[in-house]
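Multiple structures are listed underneath, in structure tokens.
Next come two complexes built around chain A: one with chain B, the other with chain C.
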Partner chain A sequence: MLVTEKKRNQPAGYAGALLRVDLTTGRLWEQPIDDEFARSYVGGTGMGARILYDEVGADVQWNDPENRLILATGPLAGTPTWGSGGLSVVTKGAITGGATSTQANGFFGANIKSSGFDGIVFQGRSDQWVYLYIHNGTAELRDASHLLGLDTWETQDHLYEELGLSGHQLSVYSIGPSGENLIRFAGIQGDYGHVASKNGCGAVMGSKRVKAVAIVRGNRGIYVADPRGVFRTADDIAYQMRTELPGQNFYLIGTLGGVTGLAPVGGLPIKNLTTNILPAEADMSKWEPMELREGFDHRGHQCNACGMHHCHMQVIRDGVHAGDVVDEPEYEGWVGAGWAWGCTDRTKVSWMNTQCDRAGVDVNEFGWVIGWVMECYEKEYLTRQDLGGIQAVWGDADAAYELLQMLCTRQGFGDVLAEGIKRAAEHLGGPAQDCAVYTMKGSSPRGHDHRALWPEMLDTCVSSTGTLESGGPTRPQELGLPATLQVQSPDDVPRQVALTLGRRHFEDSIGTCFFTTSTTIAAIAEAVSAVTGWNYTKDDAMYLGRRTAALMRAFNLRSGIGPELERPSARYGSTPVDGPAAGVSTAPHWDHMLDTWYELVEYDRESGRPLPELLDRLALPEVKAELWG
Partner chain B sequence: MSDAESRLDGSEVTVEVLTWVNRLVGGSGSGSVAFREALEPDDSVESLLRRFSQHHPALHAQLWERDGAITENLHVLVNHKMIGDTHTLRSRLAPGDTVSLLGQFSGG
Partner chain C sequence: MKVLHIEPEKCTGCLRCEVACSYVQSGEFNPSKSVIRVSAFERGHTSFSPYTCFQCAEGWCMTACPVEAIDISAVGAKEVQDDQCVGCKLCTLACPYGTIFYDPEREKAFKCNLCGGDPQCAHACPTQAITWIEDFTQDWTGAFAAQRSAADLARIGATNGR
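Moving on to the complex of A and B:
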């Protein structure tokens, strides 16, 4: 519901307050959002970055009560813009020990805004397990002891029943057993299939003993500055998504095109990056997008106000799990829950993907962990005895599921795997470590073989967010880049990654899904302008995104994460031995790419610090003072 | 080898259009649709694609940006290697080469 009259002193497009929750004391209070804060940091990741930088000191560890866990949305949340249920999670993460920015959608953003808040900031640690219940401007911490041990879908089912609400009436984001047991790659899952999965944000939530956040869809209207403009810009973006690339492809089939789209360029990870040759048993015609969709009984499972044919639910048709309802995997789910460890049975992969969601683990990291275990098992770096009797042979979905249970409960070698791929590999050391796929910061790549797609490898390694920070090159000409960028060019790659830095942060600050904003930044900025009444331009959007990037970079430097860690592990940075990208390698070009990237983003090459002139332009004097004295 | 490739004469190349991109050339949006295209003297990857796309208006509209550059939304491969590896867009083509068009994909 959009309204044209302010009900309190709130900026247009905002509920006007963050909900602060001190879990140690049980105190809850409103922190008003004024015009200056809203305009300077927008929402979501931008606001989260500012709070993290201001409130979490250098000596605070990810699992300390003093860490903050910020779940926030932005000004487009709850409006007619497609995918306007956006959630951004910002915290000091368990994997890198640095800043985190990770997103999900569903109905979080719309529900929390209609209940009177733009976000939640958790601090402290509860004595007992709790869940946070929010309803129309009220919030309370409730006992969650009866929810312990439930997976994320069971938690949502249980709260539906307990609260007498269902569907869009109640948005539930929770942690599964993995978060409860502080698995370092635990995520926060919500609304059946949406996961803020990166950098162990679910472990942070578990460390605070928060099992779930349950938000009733309230009846508070959202005051917007230009209601006609809001509908017009939402329609404009929707039209562009339906009719123009690259959005049109997401509109039609979501991310299902990834497997067949990436295999021909060597971008599909197969068996822990040991090969890029498609296995003989894989019938690739069954992996074509519509074959993937029609291979299951399915129906749309759209997020708030979304018209995309993206998120779907499926019913498993055959096998031991026939009849099970699962969420249709995203491309990265097809990889992490299968291809990365050699399973190409669609039904098994789809089922496994949902088990990862239900357990609350990041499916990307899961894929690298299982792929590594299976390679180590083949090479006898790990034995059946090490694995508690599990025969971890390539592609064995039953073994993978047993390993998932083992790591989620930290049983046996699962306690090592629960630490994430980098730490597990370091634990074994020697040649086993050389097989593992990770960055030296501790994060792991998304489900692509970046050895063929250099921009994503560079982006993953230099990122300050625990995952890709710049993201793909949507409409690069708008940012002064050529339309045609060569993804294996040591000159083009750092330009692309550097000059797109900021776009993703802006998208992750406005309360929508970046798949639904795969159009020009100018169009997105216009939509934000209509909601807020402030005249955002493309340049403003990039400026605000760069400010967020600088805050996160400064936070990471404070946390001891600098340029010395900006490189891939041995396997991640290796040369493909076969397939379309055989023989190409980033290694000879890595320093050159870093040099170019640093120059273009205006960070000091040696120390990693944003340069003083940049910080002046970004109006961050306090960051300049901290970094440069 | 596809049917189109198997019938190549000495001065032709194959243009294959993969996955969803082949909707733009009358395909189903999956798999591969292959065409034979005669080479002209000094044909480069780019000149061949310009001539090829003239016969396929939907592809033409999506393939070229207003400034004449190839869109960022598609990958171009020559003999199954991405542009920038063994060929650039300005590289000359040889009879029997295969030029592939594939949708760009990131994220997800």
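Moving on to the complex of A and C:
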């Protein structure tokens, strides 16, 4: 057991140390966070990218003990800023074999800081299954053999009883059966419904034989530089979220507006992108955002210090699962656990979404996998016999649930599906492969039909994180973009993606949720200043973000992932055959969009390398030396 | 008289009240020093309630204190006078609601003093589960807690009987 002293001189806003865990030897130690490291890399994705770049070499594969799995929060975690329970996960991922940046919220950030750490860095591989227990500056690896096979919610239930705790006294971030069985799109789920799901970070955790991280809410305080400023900036951000678009939408109803909002522009994925026409049986009045909330018994289930009307729990009202408590799906859950494979029964979709969280799989990739299987079944590329007796008919939730069980345990064809959509499609090859939705890097898109939303398609393909890297600009003008963005313009799209690069990395480094910071970068930077005393600005924030992006890109180039992989699969990049975006296609514009994006982000178009001048400006001489000699 | 009014049905368990209160109590963000505490019911999935001293008329803590270190402040709060408190903890035993605490570092009892008439938990609460309004004071959470706990017990009973 590691027992640490209470710190006296940590940087303001920080617990002051990363918890290092070598699973091979069982050794635990503290890596102090000093002022310079904190100021340079802030936290979360920023710190994670630095550690990943420094410590994981080219020959280390995702499941190699030498891979690092970093779970970190940032300076705002545990303060009154809304959504300040943030977790960012960084590792070499199982899907792309490159860098990963994926987030969850809940109470991770608040609880781990109250117990004396700003993050955890795992390395090595344990002989036995373990869970990491953290409380008040102590840390211990404990036997987890009794937790094996439990889903993520059961794991937390079990640890509540074992440790005699309840509610938010204990945060548990765990892998489900999918992570134990090294399903390539397994994620890490915590605090009932918060999932860092991208790039197989759960498979990495499984490969290290770590079932869970259990963090007891401790009694170590967070000292901040300007407490009144912390309250003021938190209230300013909250005010902006309540009163100004686009944050106001998230404030009022979370992401529930997505289904009815995106359908009219062709942005809602239906049946594996085979159509954009709403199915006749879909009663869209039941998919209105307030209907999605009020159609279930529900209750707010907010993350640390959050005032958004976003995360909720709901209770299934009817059907075979009546009475089950589930996590209200995000927009992307409604899609991945339903629309993407033709299920439009919201009760079934809601239940399925939580089954994905419990199993610990990424609900986006689940949607693309199931959609692909169902399309292949319809076209007879896959038979009932291939699927072990499952009749994978479009929209059949029972079939989808059986497929989930099959892939989580790698039984039969589940062993192929467990490799993720790209590898499964390549396994079948031929016309079946042409039906699958993925990028050539191996990742799959989020729960939108990007054929109508080009910025996200470009972002997904050029990203170094295994998912969207730039994200939306939120307030376009502050990034030098026009207020209204054209999402199908070959000139505007790469500009938007390029000029936004860095914003998301900054948000993912400070320990909050990007939904709760859907306001100006300047306002968020001011909150960082109040906590840390740094006089942080929007330019500092974007500098950190661009620096993080450059580190991750250099890491990916080292891992053999270059520009040649930056394109969508046949189906993902296809032309919508019907619906609002019928006939529009990124294909004729793809090279032009890449050219423009590369020019604007200052990466070399041929090799993908960040240009030497950029690396000079970002003060990354070691990266310049590695990439340019 | 203004009182700290609590409506458990509105609480989402975000603990922002604890974060704010702990700053007033300790000068740091440290919920373990908060004198308002959010209790979870139903495994923390769907039921939470903030819980703090409702400044009961009986004043059990005040009655029990052997050195008369607990006064009633101008805004009606039972308030611990640090210079008189000897840290005997009798008040923490006497309080039937569990809302007066002992700080081992300072060796003093501590409890809600209504922030001198401007309670920060009420400011911090994003859902108005905690408000500072004119009302009669009462134990706001007892009935809620009893009902939710009964539901929990019934569920556990059902599981055991299965």
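In this text, the second predicted complex is superposed on the first by the 622 of 629 C-alpha atoms of A that agree within 3 Å, B and C clash if a C-alpha of one lies under 4 Å from a C-alpha of the other, contacts with A are read in each partner's own complex, and residues count from 1 in each chain.
What we mean here is this: a residue touches a chain if its C-beta (ideal position, glycine included) is under 8 Å from a C-beta of that chain, and two chains touch if they have at least 3 such contacts.
For clarity, every value in this text was computed on a predicted model and none was experimentally measured.
A.B. asks: So, on chain A, is it clash or fit between chain B and chain C?
C.D. replies: Overlaying the two structures gives chain B and chain C room side by side.
A.B. asks: Looking at A:359, would you say it contacts chain B, chain C, both, or neither? Reply first, second, both or neither.
C.D. replies: neither
A.B. asks: Where does A:316 make contact in the superposed view: on chain B (first), on chain C (second), on both, or on neither?
C.D. replies: neither
A.B. asks: So in the superposed three-chain picture, is A:618 touching just chain B, just chain C, both, or none of them (first/second/both/neither)?
C.D. replies: neither
A.B. asks: Give me the angle at the C-alpha centre of chain A between the C-alpha centres of chain B and chain C, rounded to the nearest 10 degrees.
C.D. replies: 90
A.B. asks: After superposition on the shared chain, which partner residues are touched by A:290: those of chain B (first), chain C (second), both, or neither?
C.D. replies: First partner only.
A.B. asks: Just chain B (first), just chain C (second), both, or neither: which does A:523 touch?
C.D. replies: neither
A.B. asks: Using only C-alpha atoms, work out how near chain B sits to chain C after the chain A superposition, in angstrom.
C.D. replies: The answer is 20 Å, the least C-alpha separation in the overlay.
A.B. asks: Need the overlap of the two footprints on chain A, from chain B and from chain C, as residue ranges.
C.D. replies: Comparing the two interfaces on chain A, one with chain B and one with chain C, no residues are shared.
A.B. asks: Would you mind writing out the residues of chain A in touch with chain C in their complex?
C.D. replies: The touching residues are 78-80, 82, 107, 110, 114, 157, 160, 166-169, 192, 217-224, 227, 230-231, 238, 299-308, 313, 315, 325.
A.B. asks: Could you please specify the touching residues of chain A with respect to chain B in the complex?
C.D. replies: Of all residues in chain A, those touching chain B are 245-246, 249, 252-255, 257-258, 260-262, 264-265, 267, 285, 288-291, 330-332, 446, 448, 452-453, 456, 471-473, 475-477, 482-489, 492, 514-515, 580-581, 584.
A.B. asks: Quick check on the complex: what are the chain B residues that touch chain A?
C.D. replies: 18-20, 29-31, 62, 65, 67, 69-73, 75, 77, 80-85, 89, 100, 102-108
A.B. asks: Any idea which chain C residues touch chain A in the complex?
C.D. replies: Where chain C meets chain A, its residues are 12-16, 19-20, 22-23, 26-33, 38-40, 42-48, 124, 126-127.
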